[in-house]
Amino acid sequence: MTSEPPPARVQATDAPGQPEPTPRLKELYRTFEQHSLIPLWTEIGGLMPPQPAPAAVPHLWRWAELLPAAEESGELVPVGRGGERRALALANPGLAGRPFATATLWAAIQYLNPGENAPVHRHSQHAFRFVVEGEGVWTVVDGDPVAMRRGDFLPQAGWHWHGHHNRTDTPMAWIDGLDIPFQHHIDATFFEFGPDDVQTRATPEHSASERLWAHPGLRPLTRLRPTPATPLLAYRWEYTDRALAEQLALEAEGHAVTLEPGHAAVRYTNPTTGADVMPTLRCEFHRLVPGTRTAVRHEVGSSVFQVFDGRGEVGVGEATWTVERGDLFVVPSWQPLTLAAETGLDLFRFSDAPLFERLHLHRSHQEGHDS
Amino acid sequence: MTSEPPPARVQATDAPGQPEPTPRLKELYRTFEQHSLIPLWTEIGGLMPPQPAPAAVPHLWRWAELLPAAEESGELVPVGRGGERRALALANPGLAGRPFATATLWAAIQYLNPGENAPVHRHSQHAFRFVVEGEGVWTVVDGDPVAMRRGDFLPQAGWHWHGHHNRTDTPMAWIDGLDIPFQHHIDATFFEFGPDDVQTRATPEHSASERLWAHPGLRPLTRLRPTPATPLLAYRWEYTDRALAEQLALEAEGHAVTLEPGHAAVRYTNPTTGADVMPTLRCEFHRLVPGTRTAVRHEVGSSVFQVFDGRGEVGVGEATWTVERGDLFVVPSWQPLTLAAETGLDLFRFSDAPLFERLHLHRSHQEGHDS
Amino acid sequence: MTSEPPPARVQATDAPGQPEPTPRLKELYRTFEQHSLIPLWTEIGGLMPPQPAPAAVPHLWRWAELLPAAEESGELVPVGRGGERRALALANPGLAGRPFATATLWAAIQYLNPGENAPVHRHSQHAFRFVVEGEGVWTVVDGDPVAMRRGDFLPQAGWHWHGHHNRTDTPMAWIDGLDIPFQHHIDATFFEFGPDDVQTRATPEHSASERLWAHPGLRPLTRLRPTPATPLLAYRWEYTDRALAEQLALEAEGHAVTLEPGHAAVRYTNPTTGADVMPTLRCEFHRLVPGTRTAVRHEVGSSVFQVFDGRGEVGVGEATWTVERGDLFVVPSWQPLTLAAETGLDLFRFSDAPLFERLHLHRSHQEGHDS
Amino acid sequence: MTSEPPPARVQATDAPGQPEPTPRLKELYRTFEQHSLIPLWTEIGGLMPPQPAPAAVPHLWRWAELLPAAEESGELVPVGRGGERRALALANPGLAGRPFATATLWAAIQYLNPGENAPVHRHSQHAFRFVVEGEGVWTVVDGDPVAMRRGDFLPQAGWHWHGHHNRTDTPMAWIDGLDIPFQHHIDATFFEFGPDDVQTRATPEHSASERLWAHPGLRPLTRLRPTPATPLLAYRWEYTDRALAEQLALEAEGHAVTLEPGHAAVRYTNPTTGADVMPTLRCEFHRLVPGTRTAVRHEVGSSVFQVFDGRGEVGVGEATWTVERGDLFVVPSWQPLTLAAETGLDLFRFSDAPLFERLHLHRSHQEGHDS
């Protein structure tokens, strides 16, 4: 963990509305410092900008660089109790060397060698795994083994025991998303170690969670209370893929079901409420048909995207990148975003939107529209 | 605004579970840095502590120091467009020179000279004013003039136009509370300037808001939708005082209505929902009869208290202070808190609890009890 | 209780879409009867009308007739265990001799002689009392004595113990409203006898409930869970009167706070939710300034009004009446309603609207507007 | 439609707590009648029983009688505008000749000959279809053709246009469930005729609704608002069957997922909220393994069951029946229910439970347990 030394104070005496820097004022400012006081009038510009001015910057991490770094970690760094996970966090260059993709979101590539075991723990942070390629790892959540395969989305609500183990003879890498930066900032974090080994080495095709919950519109009568997070531990690729394909087919038949022409999208939801899978994280999958370019959109709150398949061009703020399978990029708060598909383009997205919505702080704006 | 320079990176090679610092590992760490990656295994201890480990520390600001600093600001610092408010923020010594009482809460003393006018603006931040002494200022909220008097609590939901003006020949000071640090961190902030002068200089005893809303259990038929924040702009001292006195009288008559023996408390609520006055801020008033000592309690999330009247002893974490009228102190997340009343002790409190509850991140623990 | 004999079956063979009444069809109809079957095609017109076709009719009960009938009951009919209450129910002439004001609402005048006691019981039905004149009775609810005085509204959520006693040397009459017909129809009713005498003969000015809850916008910290019905047992006239007066004063000052020009109105609400006082009953108070005539309005669901003060003219469906203090009238579902004030006109209203809203069955239409 | 003549008034002068029937009292009772008043004290026993005393009685309709009656209707009764549907309602023998299964629920068998068309209409009543055998009819809902096949559950929220047509050369019968009695009683009903013919004769395997919504846990981003009723128009048998089979398999593996040993059950839910499919109707499917007998349970509110497969014994109140495929039976409010499976027993159930829950009137009791 990085420590945070006192920043250099910038007393913006030339900012608008500032008093004359007389000796008596300087003396007063020393009194403030002595009494742990800071005036609003020198700080307001940075604290209360006209619109979000995130420190996080738009940034792209290429899979072609990420994966080799993870692979080399696989050779040099053991996985075990203490370090807990062999994960490399995307560190936003605007965030002062902290391992945070944005001010609220953590995104990392995790890597597990054949036969390895990531020890059991639980934490208040909400988490998920998304698999861009490979298979062979099972995550055991509260004793329920959940297979991980390309395209699967595997939510993991806070405070459930979980460990991973690789049952194959090839390594596997995937993406972890969490709300670590958010919970760290607001001081909400609890963490507890569990056993060093997972509770079961069973490798079923489907977890008990799926067998209980993955039936559209059907709820077990023994599970009728709404839960803050989804009880479904795996959202399989076959369903996501089919839902997106159907949206585009319905669009072709004349139904107004896509976000915009050629742009299908689904949100992963909690079947007990219909709301987001977890209270702090929104997760979605987007599919653009070749040639589609999305409208330019600003949203309060930040997102991380991973390209699942295809090739396209992405614009975030001032940046523009050509992206391919596995590439990850961040969209800081209120930065304009547009996506363009060269081939068909499949994208996984996660964001901190639920916290804004639950606190009534959400806003959005589509260029050329009122929000 | 303070800038935040890159902190010194501490690569905790001697932390548990760390790999051997071989030359090849050092080379790998350089590759990480080059690709904007940071390993979890070196950071996990600081990021995911067993329980909240806030950077903010317990701290006390004495009214006897605060008020003179505000008074001297009243002589040296004009109030007007740009600086916007003559306010001195409580800067938690643990928060690296930032003007934040805790990681999420802003608390400041604001000061307005006779005849002065604080210009109109609006912002996404939620705010309130609490008056520990004095009177004579009206806040004009969306054109509705709201008198401010000792004991009054004046909520101010985000994105409403507001300015202040002092209509008397004596200065007035009060406390501002806002969610500035929280909204700043998550990049939710919007801000807009309004006119330099308030819309009206009328000085009614009661605002239109009170005349419409301050009737217990009664709602105007023209205002039936729930609103995220309270439409009632003033919670007058006479009601708060009476509610607390009645709780203690009922307790004396044998009713189980107090929090614990000798400890009455009310929460300011939104009459359209019964929930907190604002989505991110909880505001309460506590009254302890002489001799009462509260149980020791831990809560996720942070609070600021101001002593409204009386004298007592406060314990927060390792700190213990004797407190008096006007003194303010902060309780960082999960730090144990106990209050003891020497005389009768009246305390105003605000906290960030609603954001934890709305995100299902709240926990509490009372020593000697399970939570 | 009235029994409900089998109605005469009307086989509407001449209704639209009916088959030829051949011998074979008649035989088939006999088979239906034998197997407890009834065809939709003969019934659909009555069951599924184009808009609500209530059996209840608009009707007026004059206070000048009601009160003497109650007074004479006071001479002839004892009050006590078994009969439970000396109450005369408004029996809608359209409802086949049942003691129901509408299909869902019960309204009755209750009468208690000096020194009398109405025994304690509890029931699942939600209830309230409204006092058009007099005072001197206390209702004891779960041991809490609640004074009843002109203009007071006294809700009584289902399944709380309650009894009444008259502590004065004059009789007292008031109005009871309940959801008896609704709960009777859907078979939801539970009832239990309590002691023959009220738990306490104390006669405080204010109930414990009021002392705990009647502080605008303030909630005791020991009562933070939302409750389905209001915990406040008395909504005093002074507050209702002031709220209405302020609405009209604010309207005169240019604020858009009234329902329509000259028509102020408040809803009694549950301070723990901001919603209706009880899950099945909506209660409101309306004030019209002299000369005001309301727009003609249709609403799904039925209402009962009582004139609290003043004189005016009321139109319901085809009926028109001149009304005075104490008069009660019903507005069946979807019947057009208009109110006209000759003098100032104060009206108490209750309805079954919450059940329609909670079940998403509400509709309304204002003539000259879309709803 | 049956009319409801005035019932015989029973003045229960010998009920407990009744006054002496003096001439003066009789005169008073005449005055009451003249003024449309009815005393509570003569009525209270019937109106406010100690527990629900439904007029509806437990009753069984055998498929072996129902289906032939429907088939003969198919020969004798045309389907078309006016009569609207060839449907035979279960008329509870306790409900005075009205076509109501219980006080709140409508259940009917509907029958459509090859090539027939049931004309388009819409109504405020919520409805569903459940198919115990056969196939070949499509319901067209707002233009979306929905196939109907054995085991499918097809909800139809109020106020959507719908018609049916049979595209095969065999007749088809199914069960209709609606809240007609409830909406009729509370006077909530609206009804409108549409075109005589369905909008489309397309016969797709899956409706657009399913293609958009039947993906577990996935929501289209264009459909993010919660809707009062489910947007999914078909819950296919393959999913229901699999969900039940998995519950029993998980039970066999040691997971506590069934309602009681050998008793699996799912509720059909609205994917936008996780709540019941419609605001007034609850729909479920139950599977009992051979030899299972359920605990005896009382619930406020009424239910209708249809045996989908297997044979068993059912106890409702005092009645006991052996039941087989297609048989329907009603459970009036608070009547004890127990089910026993001889073979494996599959049951479809619908009830009025959501209205009780939304109005906080629900109660249940399992014999041998507190509720």
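Going by the order they are written in, the chains are A, B, C and D; count residues from 1 in each one.
Convention: a contact is a pair of C-beta atoms (placed from the backbone, for glycine too) under 8 Å apart; a residue touches a chain by one contact, two chains touch by 3 or more.
Which chain is which protein? Per UniProt: A, B, C, D = Cupin.
Everything numeric here is computed off the predicted structure, so don't read it as measured data.
Student: Could you run down the chains that neighbour subunit C (Cupin) and subunit D (Cupin) together?
Tutor: Chains that touch both subunit C (Cupin) and subunit D (Cupin), as defined above, do not exist here.
Student: Which neighbours do subunit A (Cupin) and subunit D (Cupin) have in common?
Tutor: The shared contacts of subunit A (Cupin) and subunit D (Cupin) amount to nothing, since no chain touches both.
Student: In terms of CA centroid distance, which chain is the most far removed from subunit A (Cupin)?
Tutor: Farthest by centroid: C.
Student: Which whole number of Å gives the spacing of the CA centres of subunit B (Cupin) and subunit C (Cupin)?
Tutor: 44
Student: Counting in whole Å, what is the centre-to-centre distance of subunit A (Cupin) and subunit C (Cupin), each centre being its mean C-alpha position?
Tutor: 53
Student: Using CA atom averages as chain centres, what separation in Å is found between subunit A (Cupin) and subunit B (Cupin)?
Tutor: For subunit A (Cupin) versus subunit B (Cupin), the centre distance works out to 29 Å.
Student: Quick check of your reading of the touch definition: is the inter-chain graph here a line, ring, star, complete or other?
Tutor: ring
Student: In the complex, go through subunit B (Cupin) and note every residue touching subunit C (Cupin).
Tutor: Going by the criterion above, the answer is residues 208, 211-224, 226, 230, 232, 235, 239-240, 242-243, 246-247, 249-250, 253, 255-259, 265-274, 277, 284.
Student: Which part of subunit C (Cupin) faces subunit D (Cupin) closely enough to touch in the complex?
Tutor: Those in contact with subunit D (Cupin) are residues 1-10, 12, 15-19, 22, 24-25, 28, 31-32, 35-56, 59, 61, 65-66, 69, 72-73, 76-78, 80-93, 96-99, 103-104, 108, 123-125, 158, 180, 182-192, 228-229, 279-280, 300-302, 332-334, 352, 354-356, 358-361, 363.
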